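Look at the two complexes coming up: chain A is in both, with chain B in one and chain C in the other.
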Partner chain A sequence: MTKTILAVDDSASMRQMVAFTLKGAGYEVIEAVDGQDALDKANHYKVNLVLTDINMPRMDGLKLLEMLRQLADYKSIPILMLTTESSNDIKAQGKAAGATGWLVKPFDPKRLLEVVHKVIG
Partner chain B sequence: MSTDLEQFYEIFFEESSELLAEMEACLLGLDVSSPDLEDLNAIFRAAHSIKGGAGTFGFTDMTEMTHMLETLLDRLRKGELEVRSEMVDAFLRAGDVIKGQLAGHRGDGAADPVATAAVCEELRKFSEAIYASNETADITTVKITDSAEVKSITSEVNDATGAAALNVNPALTVFSIAFSNEGVSPRAMDNLLSNLGGMGSLEKLILSGDEQRSKLLLKTNSSEEDIWEALAFVVDPANLKIAAEILMSTDADTLTPDPTDEFEAVPSLSGPPYGFFPGAPAAPNDIENIENSAATTGSGRQVTSSHPVAQQKDDKAAATAAETSSIRVSIDKVDQMINLVGELVITQAMLAQTASQVDPVIYERLLSGMNQLERNTRDLQESVMSIRMMPISFVFSRYPRVVRDLAAKLNKQVELKTVGENTELDKGLIEKIADPLTHLVRNSLDHGIEIPEKRIVAGKSAKGTITLRAFHQGGSIVIEVCDDGAGLNREKILAKAKERGISLLDGMSDQEVWMLIFEAGFSTAEVITDVSGRGVGMDVVKRNIQSMGGRIEIDSAFGVGTRISIRLPLTLAILDGLSVAVGDQMFIVPLTYIIESLQPTASDIKTVSGHGCVVQVRGEYLPVIALHEIFNLRPHSTEIHNGILVILEAEGHKAAMFVDALIGQHQVVIKSLESNYRRVQGVSGATIMGDGKVALILDTAALVMASQKESVK
Partner chain C sequence: MIKLDFKRKWANFMFAGMVLVFAVIQVYWLFANDASIMHVLSIFTSIGLFLVLIILAISRREKPIKMQGEIKTDAVKESLPFTSVTIGNVDADEYFYSIKNELDQAERLVSDAVNNLVLNFNYISKLTSAHHNMVLAIEKMAAPADNKPILKLLRRQMETADKIEQELAAAVTSLQFGDLVTQLLNHTTNQVDELNLALQRIDRKSNSGSRGKSLDEIHHGISKAVVAAKEKNKRKPVVQQGMGMGEVELF
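Right after this comes the complex of A and B.
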């Protein structure tokens, strides 16, 4: 069965890169432009993995994490933070909010796929 | 897999330009005394997003600059530092530098290295000032974090572009590797060791089944990242420590701290590119435990190597779906389409003409089909034309910066207001209008707005206002540049014109005097500044506007202000017109100028001695434009009451145009007379009619204005 990934980033170029890479690897990709958009879409699709940027307008990635973890469907699915901040502070905040792991920006398509495969196969 | 990142460059460039513009707008709108947190956040986010993209796509110069910006902005938004106006200036300049860098990557221009260095220096000073003021113990730590992050980004970029990561010259490095054995199966461990062994010479310091920790020494020319990659699938990255024992690099900055230190204490040179939180929902460790699979190490790689086939299959679909909301089309294609639609309109008109001669009773269905064709053609034409339309905010948005910089340079206080930014006009015009408009804005600021002292003496507020306004009027778009400055000085302009040898007429109206400033070689500034030039500009402005088919007008009151209006056609390609006949000639009158048409009675017409005729229409006397006189034609009748008068209004003046007959209403495709023949007074263009004949399109505004002059005399 095709797995569905929700990719959340306010930057269109990043979103496209992520979507293109993942679609190329046979995943279904749903794109969202910020946390609020992602939350709306999360309610409408069955998602196997969420990749979210942290710094976004309207609703940031940390808030999104918290909100998603409150939804029954998203309690135990993997959620990865894509972040330019590799500092431990952000990681700690992410962990507290319920993130599964992190991927530091910038990353190349190869690394993205590695991580995704690692998480959802 | 090799996904070519270049395909995303264009969208990144566009996105970055938008972000830069947004950042600039926010910076310009920022109230330095009480900055809005939302604004600061927005500025930060813009810098942050550009940095993220630049890092991903390998534009290191942009990454470094945005990183400096981001660091400062982060402290500003966290309230660790007060916003100062010098900072805003520096940020604006940094934005310029990034713009230059962006242009460089795009292949049109480059960042000025001197300016780049200056801005870097400036930003660095601000951050140093922060550290100096924050007299806390962790100053150095913060600094290290910052530089480490920059390095990490740089090395990642190198990796992304295929170079060996960390060290540019792949010298041999000894890495000490320490990790927790917890949850690592013996088989996975064997795999791991053979993988690491393949990278160089591996020395096992502690490796045991009982011990919870393993320690290895690896001498290799592989990068730290490669080691990370090999390990990250097997062991919990949170418990993994990799440190370079000896770096053979000469770069002092890349020296890593003592490897025996705690992992958390000193940030690694290149932090783990990714990782998972142990125990977090759906973390890979959990998954592996549940699945209890043996194939842990290789799983990622195996899948990776198997998907290129699937990828090829899906490439097309992905590319199509990638951009859902808009597509990028070359302007040539759009223009070609506009031309084709233009031809279609002519063909449709031709068919309509032929169809009008058939018996409507017998050919009823043909005629209703013709009607439908006409409607569809018109709709098609409208939607095609709208592709080229863009809001004028594209142009207006650049002026806040221009005004800000210039006002500071001239020690003037100026507020810029923009009205009607959503007014749309043709993309071609948008591009061409920017330069003349910039010149007018600069001119208003330089020559129009007075210095604050003078303004106060004149009883005005110290702060001057420049208003940019755009609106539709009939078939034109009007763009105004208004200032509440000193206004034009009639005497001064006349004196200067005389001095320059510009021919003057007696009793020139104010309007005519103002237009003198558009003459070549005219400048009234007492001191020539480097701001609005030496008077070589205004005549160029006028020429540019005219070449776009527009006209320029000035209204001014001494001491009150000046308003310069530019009137442009909405689009250069198509026109709704009324065809009129004079003798055997046909002319097209743009519909937008026509108020009504009427057949006058002989008593309505009065002859003014030596100045032609006027006609009384609803109590108003209007000058009569006799087309046959202007174009030297032989009309069916020279008696006005035997023909038809078309009442026109242009630029606030009315006139009645005398023609033999009205023929019909058409939508015509404008063909330039100038480029195919030459400019003719009173004619703005030509078109091909349905029957293949050429009809001239009248320059109605010019005709009306000419009739006004005539009647004033």
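Right after this comes the complex of A and C.
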């Protein structure tokens, strides 16, 4: 069965690059433009993995992470942060809020797929 | 402002001179005629007034004056034409506005370039995929099992298609530059905005005071404005110096 990934980023080019990589490997990809959009879509679709940016308008990635972890369906769903941010402070915040992993941009498609395979098979 | 200060200083000197002349005439009158108590009082008043005017004129000479973005003493300013030093807040606002416009322009250019590159990327990706499938189809349908030259050619076609796909995957990493640059430009725009606002606040405060600000006070105000602007944009969203792959960590 095809696994579904929710890709959240306010940059259209980033969403396209993520979608290109994941679709090429056979995943279904749902795109969201910010945290709020992602939260709405997370409630409508059954998602196997969330891949989210941090710096976004309306709702940032860390807030989205907190909100998703409060939903029963997303307590154990892997949530990967894909961001330009790499400071230890913000990583610690993400980890404390329940992030599964941290990927710093720019991502390498091969490496992204390895991580995705590892967390959702 | 400078013109006014310059005139005021010389008016003080001239008026002091006139008061001195008046005092001298009164002293002469005192000795030439009968002295009255009113005469003596008038002489002391004139001398007092003379001293006050002289002190005022001298103290006005080196008083620092804050001028939009730079500090100069009257002595320096007097050597400049009046028009060159009457800079107002509007000029600073316009300057900040033009910086912001240029940053916006850079962001639009980057965004436009990235959109075009992504379109090209998608098109090449589709062509490559179609080419790949076509080679596979030819291999299955048209190539006789014993026709080694055709099989060799098809294998080479397949290798070329694979190489193109590898290059496309590498382009995925490079094409993320748009996101990094846009975030950095937004951060810079916010810093410029914050600095402009903080400087405007300092400027308003210094203009609302009745006395002129000293050089130290103005420096302190500018430092405070810079610190406030920095504090609001402390977290730099992009620290990458190149387009190499970022680190990966699983918790």
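The working rule: the second predicted complex is superposed on the first by the 121 of 121 C-alpha atoms of A that agree within 3 Å, B and C clash if a C-alpha of one lies under 4 Å from a C-alpha of the other, contacts with A are read in each partner's own complex, and residues count from 1 in each chain.
The criterion applied here is as follows: a contact is a pair of C-beta atoms (placed from the backbone, for glycine too) under 8 Å apart; a residue touches a chain by one contact, two chains touch by 3 or more.
Just so it is clear, the model here is predicted, and its values are computed rather than measured.
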Query - First (chain B), second (chain C), both or neither touched by A:Asp108 - result: both
Report task. Go through the superposed model and pick first if A:Thr2 touches only chain B, second if only chain C, both, or neither. Result -> neither
Query raised in the report: First (chain B), second (chain C), both or neither: which does A:Phe20 touch?
Result: both
Query raised in the report: With the two structures laid over each other on chain A, which partner does A:Gly121 touch: chain B (first), chain C (second), both, or neither?
Result: first
Report task. With the two complexes superposed on chain A, say which partner A:Ile79 touches: chain B (first), chain C (second), both, or neither. Result -> first
Report task. Residue by residue on chain A, keep only those touching chain B in one complex and chain C in the other, then list them. Result -> 11-14, 16-17, 20-21, 55, 84, 86-87, 91, 95, 99-111, 115, 118-119
**Report entry** chain C partner contacts - residues on chain A that touch it in the complex
**Finding:** 9, 11-14, 16-17, 20-21, 55, 84-87, 90-91, 95, 99-111, 115, 118-119
Query - Residue numbers on chain C that touch chain A, as the complex places them - result: 114-115, 118, 121-122, 125, 169, 172-180, 182-183, 235, 237-240, 243-251
Report task. Please give the residue numbers of chain B that touch chain A in the complex, ascending. Result -> 1-3, 5, 7-8, 11-12, 15, 42, 44-45, 48-49, 51-53, 55-57, 63, 145, 149, 152-153, 156-157, 159-160, 229, 233, 264, 267, 271-277, 280-284, 287, 299-300, 303-304, 307, 310-311, 314-315, 317-319, 321-323
Query raised in the report: Okay, in this complex, where on chain A does chain B touch?
Result: 10-14, 16-17, 19-21, 23-26, 53, 55-57, 69, 75-80, 84, 86-88, 91, 94-95, 98-111, 113-115, 117-119, 121
